[in-house]
Amino acid sequence: MKSYRKELWFNIPARRGFVNITSQVEEALRESNIKEGLALISAMHITASVFINDDESGLHNDYDKWLEKLAPHEPVSQYSHNDTGEDNADAHMKRQIMGREVTVAITDGKLDFGPWEQIFYGEFDGRRRKRVLVKIIGE
Amino acid sequence: MKSYRKELWFNIPARRGFVNITSQVEEALRESNIKEGLALISAMHITASVFINDDESGLHNDYDKWLEKLAPHEPVSQYSHNDTGEDNADAHMKRQIMGREVTVAITDGKLDFGPWEQIFYGEFDGRRRKRVLVKIIGE
Amino acid sequence: MKSYRKELWFNIPARRGFVNITSQVEEALRESNIKEGLALISAMHITASVFINDDESGLHNDYDKWLEKLAPHEPVSQYSHNDTGEDNADAHMKRQIMGREVTVAITDGKLDFGPWEQIFYGEFDGRRRKRVLVKIIGE
């Protein structure tokens, strides 16, 4: 069994944003030289997500509005967590909806994807450097 | 390390529906001849889910009503994504709540499950052929 | 490829609660003697979650209030599932928001975590013995 590990770094200039990281994961997969196995792609920070969905900007606007409705940022005082001096309690909730991680099948050296699957980094408390972990195991 | 790959196809006759796919995943596991490892079961389409929960029709009705409350289909004009000519933006949201994928432990050649765990395909934009990927790695 | 399996048991005295299980997962990892691979940590019951987030009690209070808002326990009669004699339909929904499982990379014999990542058992229908499965594969 072979394994490969790589960190991807991001610094989203706004509080929230979505970045298509599919090509960076594909690059890590090529570097791994693994042809059959599983790839785990996970947010290393607890106010961010990794998820798979569509690369369509209207949908990303919809996600942003929808998450803000389900877990509003304001008023920050509505969350006990923000009594610690933080203002990001909503980001911890948005990340649970969108998920921490995805596991992707590796077949014939490629991400084994359906027609529209793309991997995204979802940032809910940005304006600082944060990481995604890519871990691939297989042969 | 061995690996096995199989696609399961579905054509749900309504917009939304839940299908118990546990026996189909068990069949793939038998075909794989893998006794110890991990199985990834993932929706290959971004308006569908794979999740693990209870095979109880009342609960499935509850899920359907609840998801419709959290991410309503109508009015379709409330979503920017639907300006592209689609009417399925809500399905992209419902799928994030229910999840893209599950990873299941394989022990002694069986799905290593608690007493009520069953695997479901969740369709949120049906009436066409769509796929689930089963990828099993192990020994 | 090596594999290791362990069950963790919990009996949460209230209906809902969060327990940090990171050190128990680390103990299972030491017992496994696996240095490179993947660990799956999953709830074996369908009214409970395993998730990764912050060990901060204010945030856990926020999660509890937020989940109760998205999927209220009362009135129990609002859910068809509860017509079966259960009163836990809301717990099946809360568990979908928080997730069934996490997959964690194992690197150099350690959980490969960012600075604040901690693993939690989330109980939504407690006051009885329930289990979490830890399955580790690798070398």
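Per-chain numbering from 1; labels A, B and C assigned in written order.
Here is the rule we use: a residue touches a chain if its C-beta (ideal position, glycine included) is under 8 Å from a C-beta of that chain, and two chains touch if they have at least 3 such contacts.
This one's a predicted model, so the numbers in the text were calculated from it and none came from an experiment.
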| item | value |
| --- | --- |
| Rotation, 0 to 180 degrees and nearest 5, that superposes subunit A on copy subunit B via CA atoms | 120 |
| Same vs different contact residues, subunit A with subunit C, by half of numbers used | different |
| Computed distance of Cα centres, subunit C from subunit A, in Å | 20 |
| Multi-chain contact sites of subunit C, meaning residues that touch two or more partners | 1, 38, 70, 97, 99, 103, 137 |
| Residues of subunit B touching subunit C in the complex | 1, 36-38, 51-54, 56-59, 61-63, 66, 70, 97-99, 102-105, 107, 112-117, 137-139 |
| Subunit B to subunit A touching residues, read off their complex | 1, 3, 5, 38, 40, 42-46, 70-71, 79-84, 89, 92-93, 95-97, 99-101, 103, 131, 133, 135, 137 |
